[in-house]
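Each in structure tokens, the structures are laid out below.
Next come two complexes built around chain A: one with chain B, the other with chain C.
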Partner chain A sequence: MVEIIIAVLIISGLGLIFGVGLSYASKVFAVEVDERVTQIREVLPGANCGACGYSGCDGFANAVVEGEAPTNGCPVGGNAVAQEVAGIMGVEPEGIKRTAARVLCNGRNSVSKEKYEYQGIDTCAAAASHFGGHKACTYGCLGHGDCKNACPFDAIVMVGGIARIVEDRCRACGMCVLACPKNLIEIIDKTKKYSVMCMSKDKGAVTRSHCQVGCIGCTKCVRACPQQAISMEGTLAKIDYSKCDNCGECTKVCPTMAIRVMDFGE
Partner chain B sequence: MLASILITFVSAVFINNFVVVKFLGICPFLGVSKKIKTAAGMGAAVIFVMTFASAVTWLVQEFMLKPLELEYLQTIAFILVIAALVQLVEMILQKTSQSLYKALGVYLPLITTNCAVLGVCLLNLEIQGDARFLMSVLNGAFSGVGFTLAIVLFAGIRERLETAQVPKCLEGFPISLIAASLVSLAFLGFQGLFQGLI
Partner chain C sequence: MIKAIKSFRGGIKPGHHKVTAELETVKMPLPSKVVIPMLQHIGAPCMPLVKKGDRVLVGQKIGDSEQMIAAPVHSSVSGTVTDVRPVLYSTGVEVMAVEIKPDGLQEVHESVAPPVYTDKEGLLRSIRESGLVGLGGAGFPTCVKLSPPPGKVLDVLVINGAECEPYITSDYREMMENPEGIVEGTKRVMEITGVAKAFIAIEENKPLAIESISSLIKDGDNIEVVSLATRYPQGGEKQLIYTVTGRRVPVGKLPADVGVLAQNVATVAFIANYLKTGMPLIKKKVTIDGGAAANPMNVEVLIGTPLKEVFEFCGGFCEEPRKIIMGGPMMGVAQYSLDNSVLKQTNALLAFNENQAVETKESVCIRCGKCVAACPMSLMPLYINANVMRGNFEETMKYHVNDCMECGCCSYVCPASRHLVQSMRQAKAELRKLAARKQGGKN
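Let's turn to the complex of A and B:
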């Protein structure tokens, strides 16, 4: 009987010593976790998409508490999340700019020419590595849907051989921007309706021979814009979205319909 | 004295390497060996735990269990010591190196069940001769070094495997196991190194 008691005492005594030691150590090595981090983490969407520029939602929550990231830095959560985050941080909520991705090419198969018949692997990246792709225009959308596959929100559809963004679903995370081998996709303020839907840097005549709806660099829109928001970059018109007020004068004068309203809902 | 320390070192690190010769502690060896940095961190944690576990368990054995003739409690008492030490390491790591703490993840508390640690504590009791306590602690530390050597070497191999062209059926764990067996085979070359000396 005594042996059993001694054994029990020895082991429980050891346990007690280690327990007390560890509880003391946990005080010494305590790591302070700001409870706001966990609160912010809970209101975030949790997609870990990285659109905020931080490594996932945890990284963003830490950055907000440390004052590095703005409370409206989560483009996926939008205004609702921005308000909640601001509430947790105890600051005035700031509105979030609603942006969406836009594919700047209008060269559907019906209006653009093919250079050759492509029968390789069905991705844009693979197609682009064969003489710049099967489109006559080396700048145009190849339509194999690399962006569509990259989109975590199912917001990209392929229409007539080119990619189109469903803006209602787009969360501006930028995955498609990275996926496009032709760099055709830009994140643009949703409220600005007009865009130059062409990225061709070819000369006007060359562009026209490749595609009926390309920007041929005629500069008519530059002169027509009352806000002077359009300028030429080589042979390509560029809209300064900070000046654009959606008046639509540019569409009216564009001979190839390269500038047009992007209104592609569900 | 110096000679026996040297022999202990070579024995623990190369000849009787816990991972690749005795096949103890395989779980973290395969689990945390994807990157050299985390592997080295794991190795450092294991060195720490092994060294202190050797010291504490030896004292527990010699001054508590032996006089009371309770040697049969070895295993449970040692596990208690190891678990407490691992908890301590975890706290220290969380305080000092968040990134390493996150990288080690679940494998850190799993050092508790790393049989290499318990193994070294039990094997220490077989050490004969003078300065047994010192030799036990050194053996623990050197065994940890051996573990670190093996895991870092293996992590280096696995980093290269990432870019190697591996047949589809062998991708991932299968090729890692094959690589591990080759590392083990290489370490077998150290067997009999001291046969003439001792």
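Let's turn to the complex of A and C:
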């Protein structure tokens, strides 16, 4: 009996000594946690998508407090979050860019040709690794939805065999951009209504033989644009969005209707 | 002749379908054009050395690369370059190709002469100049394989005459029509690499080939003919080495690590001929077969010949082909157009009809384990597949997906018709991308 009491006393005594030691150490060696980090972390969406370029929302919150990341660096949170973050940091809110992803291909099944019948794994990456995919156009959307599966916000729908972005739901996190094996998706200022919805680098005649709505490189849009915002990259027209003022002259002259944005807003 | 005692694990026994075996190779006349891609090997693509309008001659080098792992490309005809344009390679990348219209003269280029060399380096260099790649199907540049990394000593040479894939008989025809070349080439490769002992390994379902080659081997040649059990993939490099020498190539290692060099019969026969004549690799023996091919046969085809013309020469199609495969039914690549060309590695062209190409619908894995039993590399295809379908590519590394040789046994046996081999390929490609991304820092 006595042994047991002694043992209990020793253990409790040790516990007491360590307890005092630890509470002292925690005072002396305490690490200052900026409470702004916790506050910012709380207003962030918590998607941990990494679109900000940091390792998740915690990483971003730290970076903002350290002055590394801008207060409007979270594309997912948008304006509302940017304002709150700026509030916590006590700075003027910077305007957030209104961007969204856009799939630069209009080659629905009804207007584009197939190269072969594909029977393999139902992903774009798998299809693309066999002669570039079943679409006759090697640049076009394969429609197996790798982007859709990568999107954390359910903002991508498959329509007529190609992917479309529902801009209202898209938070411009860029996950689809990484997922697309055909590099068809770009994050674009969504106030800009017109894009060349084609990425084909083929010559015009080749593009036309593959798809009715591809850019054939006729340069009509380049000449029609009053802002000189369009230039040719080889046989593909490119719009400089910083110059484009949404007049829509280009889409009127394009013989293949390659300059068009199909609106899938909710 | 000796008989291999050992046998590898796993594998399958598909039907042989080698109906073209006893048909002598027929030489195909000049095609109306050839389209010669700059990438017909594993490694870096070549740069075209000619331009539109140039006149080229037979055996003239028309493409080369400065990279270590690459093999130059030569013109198979004499004529005029009508175009230099991009074509699609089977992996989906675009490579340049030289299109030549033959003039019918087949004038030989001055560079075609028996190679002169004074030392081993010179010899290896001239083998590189021949454009030779492994003719068994993979297409790895031969000169790279013949120069093992420093510190590795080779002591056994295994010549692969297994030809284990169904339908293909082009290597068999080589063994029947050119056994001297194979034996001669084996000796040459022994000289080049300083290997003292060679085995010529042939599956036992080809007794005539075993006989014709055995009869040419003299005592003191240190060459032995080995008869192998008939099983797929007997001709897989690691399987072959194990059956013939009893040595296991460890995970992630090369045959050179266990002192073995493996070469295909057609490859060594080419080396023998090249050292005599200096004619680079411009033609191939190709088996034409499949239910939709009117006259299954073996043809000698110039590299770059459009598939359409090859089939036309062989009597065309007796019914609508459903699927055209370049290579064998197990490892070959389905083609999307008959405008594609015959390549250096092409050993067969199969035109499958509706029945042969029937694709059963994929269903869920029932965990029967048949794929595990069939895998000659002792992998677990079902788990790799499951991880690929979930996008967990890094996880597949734990299952040693990089050891998969894409033999197709797993897909062949799977009762659920799962796309197993394709998922292996997919995982390997994604892992390569990940590694490149890690090496290049961010993205």
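Here is the rule we use: the second predicted complex is superposed on the first by the 251 of 266 C-alpha atoms of A that agree within 3 Å, B and C clash if a C-alpha of one lies under 4 Å from a C-alpha of the other, contacts with A are read in each partner's own complex, and residues count from 1 in each chain.
The working rule: contacts are C-beta pairs under 8 Å (C-beta built on N, C-alpha and C of every residue); 3 or more make two chains touch, one makes a residue touch a chain.
Predicted model only: the values in this text are computed from it and were never measured.
Judged by the touch definition given at the top, the superposed model places A:N48 against neither chain B nor chain C. Of the two partner chains placed by the overlay, neither chain B nor chain C lies in contact with A:T251.
In the superposition on chain A, A:T138 makes contact with chain C only, while chain B stays out of contact range.
Contact with neither chain B nor chain C is seen for A:Q227 once the two complexes are overlaid on the shared chain. With both structures placed on the common chain, the touch criterion links A:V31 to chain B but leaves chain C unconnected.
When the shared chain is aligned, chain B comes close enough to touch A:L22, but chain C does not. When the shared chain is aligned, chain C comes close enough to touch A:A125, but chain B does not. Once the two complexes are laid over each other on the shared chain, residue contacts for A:A7 go to chain B alone; chain C is not touched. Applying the stated contact rule after C-alpha superposition, one finds that A:S209 touches neither chain B nor chain C.
Taken in their complex, chain A has these residues touching chain C: 115-116, 119-121, 123, 125-126, 128-133, 138, 149.
Interface residues of chain A facing chain B in the complex, by the touch rule stated above, are 6-7, 10-11, 14-15, 18, 21-22, 25-26, 29-31. Of all residues in chain B, those touching chain A in their complex are 60, 64-65, 68, 70, 73, 76-77, 80-81, 83-84, 87-88, 91-92, 94-95.
By the touch criterion given at the top, residues 88-94, 333-334, 336-337, 359, 388-389, 391, 419, 422-423, 425-426, 429-430 of chain C touch chain A in their complex.
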